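By letter and in written order, the chains are A, B, C and D; residue numbering begins at 1 in each of them.
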Amino acid sequence: MKIAFIGLGAMGGPMARNLVKAGHSLVAFDVVAAHMAALAEHGALTAASAREAVATAELVITMLPSSPHVKGVYLGADEALADGILAGVAAGVPLVDCSTIDPHTARAVAAAAAARGNPMADAPVSGGTGGAEAGTLTFMVGAATDLFEHIRPVLAAMGKNIVHCGAAGNGQVAKICNNLLLGISMIGVAEAMNLGVALGIDPSVLAGIINTSSGRCWSSDTYNPYPGVMPNVPAARGYSGGFATDLMLKDLGLAADAARQAKQPVVLGAAAQQLYQLWSARGAGGLDFSAIIDLYRQLPPPPGK
Amino acid sequence: MKIAFIGLGAMGGPMARNLVKAGHSLVAFDVVAAHMAALAEHGALTAASAREAVATAELVITMLPSSPHVKGVYLGADEALADGILAGVAAGVPLVDCSTIDPHTARAVAAAAAARGNPMADAPVSGGTGGAEAGTLTFMVGAATDLFEHIRPVLAAMGKNIVHCGAAGNGQVAKICNNLLLGISMIGVAEAMNLGVALGIDPSVLAGIINTSSGRCWSSDTYNPYPGVMPNVPAARGYSGGFATDLMLKDLGLAADAARQAKQPVVLGAAAQQLYQLWSARGAGGLDFSAIIDLYRQLPPPPGK
Amino acid sequence: MKIAFIGLGAMGGPMARNLVKAGHSLVAFDVVAAHMAALAEHGALTAASAREAVATAELVITMLPSSPHVKGVYLGADEALADGILAGVAAGVPLVDCSTIDPHTARAVAAAAAARGNPMADAPVSGGTGGAEAGTLTFMVGAATDLFEHIRPVLAAMGKNIVHCGAAGNGQVAKICNNLLLGISMIGVAEAMNLGVALGIDPSVLAGIINTSSGRCWSSDTYNPYPGVMPNVPAARGYSGGFATDLMLKDLGLAADAARQAKQPVVLGAAAQQLYQLWSARGAGGLDFSAIIDLYRQLPPPPGK
Amino acid sequence: MKIAFIGLGAMGGPMARNLVKAGHSLVAFDVVAAHMAALAEHGALTAASAREAVATAELVITMLPSSPHVKGVYLGADEALADGILAGVAAGVPLVDCSTIDPHTARAVAAAAAARGNPMADAPVSGGTGGAEAGTLTFMVGAATDLFEHIRPVLAAMGKNIVHCGAAGNGQVAKICNNLLLGISMIGVAEAMNLGVALGIDPSVLAGIINTSSGRCWSSDTYNPYPGVMPNVPAARGYSGGFATDLMLKDLGLAADAARQAKQPVVLGAAAQQLYQLWSARGAGGLDFSAIIDLYRQLPPPPGK
């Protein structure tokens, strides 16, 4: 299939490569020329603008950093449509935005696309840069059912779980709700593990009990933050790699914004957001989010106090 | 085995019955005569006091409501030993306390028992009254390894998971850490589910996605609080039965106390405790703790406002 | 002075009337025709658009609901300047925005104004509709010193405290920081008063002690939320009038957004925001924010529980 | 008056000295012999035990660290009365406990005293060691009115504000409620000041605005935590002296315990407690509690991150 791919950063780059590998014909665009050059080496064509990239596409995929970028790339600067994807793409061509943004914007852009005859899906991913490289991402897709079925084989070249979440915007809803819960659970595990160890239990014994009891969760049984409990997790390598605290902060910010618009309280979610913010402000924003467990560590008083 | 069993309430009663069914010879005591009479119908002997009950026992099991009760029953009134279990039991007889209490008290009583020659285990349970009736409780056992091996077959007549958590007190540590995390996770699920639905996603679709993603946890995949998502959970029957909010409050209170003694912060744990307290103060203390999701429901303003 | 006044709602209407009373010549605009008609009865001229209203003004004052409105009114739709104040006002004419918005937007609009030769101040107010009617508002002004001195006499016709907070944007900063603290303090007072009464102290005695001790604060000594402690406060009249919970929510939302942009944690601020959100979701959004004390009241269980 | 004074630590020592200076005849006891020796130099007699100290007293005053100490000193070891104050004091002699403890224990000890014919008051203080030295403490007194009038002149030798809070226990209630609010307010000020400065306002300007607006509170206008805003406060001397974070933690712990017993939520209070605990765990427990503002400071990432 002839696919326009816009946004070739840490996630979009490897995703686009996997599409090329799967035999698709890509026309790519990124504001960073080096990103385009890197992809061109794998056999993609490049374009001078997003609008140009989509001119002859049968499908458009975007992977962008934030809501304003998505608005700008689809609707054009000042939302005037002059230089955006919607101004350049043929009617009927499906659009898939893989960015993680707020559901409100996702729905507004999808409505603008629909008004011009382009069905649109939001399909945010989880799995990180490792999953993007390996083609094992999870896609949470908000789209009409026929559109979902149409794009599923393409997404399958980049991921292994392609989940239909309902109509446009619901992919974003699913992602931010999952990550809201993830951000809370990880801090819950951090508190429980550190409390247990402070009270004298062995961390691996405690994790083993939790993992077969009602406290069981992904943050404990798959991604435990306590060093030494599991191999091959960020806690086993000084919290490098993984899902950075500042990215968790971005997602919790999206959740908090969406909650405010929906007049829905998220008490623990907001507390979790502030704890990651505290931790980021102390210099840990680039570490994996499970490093939040170190915020709870008991340190000696500074010298002379 | 000749077992003294002290404390025949909603949990202790069915636990003792399962020991009788398993062929053990029980001498039981409870401050409520009717509880003793009910057990006597199943073939247990009864005694006039805890001290009398343990006089000829080969093993002592207690199931009591709180730390002061455990202190009083083992050490006697005013901790003067005069009328407590330790004053009446033969040296060498093992003691097993199945109450959920703070680890500090558990260790203090175990030390007093050891000083008199009685090895002691703390073995708090999870599984509720249903698990007590069915003999499917989980026991979290703090005890020396030989004591653990000695009592394991007896506990197995009352439960299906008998977990060794380390030395005396660690059963309590495991339980309160697990329940701390459980209390947090349930509110996290409540916030995520209610936010998702307010943003337009179907609750069963959202639960399905969470349950295969990084937000996965027992509170979502086994005990989901959103009505209609799962059958056979409290949410499917108006939050009756299950694990009452006020019992969750008791356990979070134990965790908060233990954390304070250990100088260990539990930020989300304390927030969860206060949210259950808010909810209990609005009249929901007797409902299953997953009813906390209703604290997050959007209600219409009162008439005239 | 010839003043253009844009935005004649619950706050802007009475503010504009006070300017007319003080002898200024007003040209006013509001999207609601009835608001313009009401002001015209007091002697103001009206205009067909914001742009037309400012055409011959010597000073422009705006009072609008939110950041997008301020952007739209000053910069025009799509920020294209075509139909905004900046496109219509003469160079050199000072601009004063009295809206409560985020500092980032306030500074961006002020920079756009400066680029066209118009000095601009942000001057959000406190004092509510009562203060707007009575001309006793407090203005928190972000502006260069000479601009501040120039507009001070005009603001003095609408308020009694005109405070210089530093350069453009700092009026907004002062207001959201003050209200962040106010939102926290009020809940602190609510918790302390309800706890004290639950523990058996008379609420007036407790308030008297707090008001002469280190817990002293405006929320306790001037606006006490406990009914019966003070006359002439919302607590004395069923929490009607005053500063609505949903307006406090708006300001805490601005604070949370500004904090996120500044990467600054606001842990209690976010918790306060969520508690007002919980309370608003239960139907209390239109009551004075001190009604939050009722979230903490102990209620009987519902019938049959 | 012939006064027995038990507990001569950092607070009790200078309080007892002020009584001697005022002409009272003291018999003192402390478990630390050096404390008794120091007071003896000022003219007090000393005793071999609390019970002996009170034998001929016309009034008993105690100043002890915690609830268990108060119970032990009044009721004797194991609450068996054998060696406590109540066993040694003459009937009718009034008792005044100046310790900060939980209201429940205060009332239980007062009831035990009343049962033996001794009227008892709880009279916790604020003002710190500086106030104890200078004789400028505030006493919050829970006592029957006639007892309050009887002891007021004696307390006046040690403090300048002697406040009647109602019946026995209410002195403790007043103190913990005030300090609950103080602990919350200080963090509120810390968040507001740090946010404002991060957004570009001068800290002294911001404090000035808050102190004349609705955010006004003792933590801002009398004890501002931002360095450079006020002289003669802990923030002006590296947070030395003042009221240690770990003492604030003790009082917030008492408030949390009392709230739990009263089934009363304290959401921000519990969050404040945890934030001070986080800060104490990072080594700041000995600094003045206003140092919590440094928890909110933005630090650079550690080297190599």
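The rule we apply is simple: contacts are C-beta pairs under 8 Å (C-beta built on N, C-alpha and C of every residue); 3 or more make two chains touch, one makes a residue touch a chain.
What you are looking at is a predicted structure, and each value in this text was computed from that prediction instead of being measured.
Least step count on the touch graph, subunit B to subunit D: 1. Here C-D and B-C are compared, and the pair linked by more C-beta contacts is C-D. Centre-to-centre separation between subunit B and subunit C, using Cα means, comes to 50 Å.
Centroids of subunit A and subunit C (each the mean of its C-alpha atoms) stand 36 Å apart.
The distance from the centre of subunit C to the centre of subunit D, each centre being the mean of the chain's C-alpha atoms, comes to 39 Å. Across the assembly, subunit B contributes residues 259, 263-267, 271, 275, 278, 281, 296, 298 that each touch 2 or more other chains. Per the touch definition, subunit A reaches subunit B in the complex via residues 103, 126, 138, 140, 161, 163-167, 169-170, 173-174, 176-182, 184-185, 187-189, 191-196, 198-202, 205-206, 208-210, 212-220, 222-223, 255, 258-259, 262-269, 271-272, 275, 296, 298. Contact residues on subunit D toward subunit A in their complex (touch as defined above): 271, 278, 281-287, 295-302, 305. Subunit B contributes residues 78-80, 253, 256, 259-260, 263-267, 270-271, 273-275, 277-278, 280-281 to its touches with subunit D in the complex.
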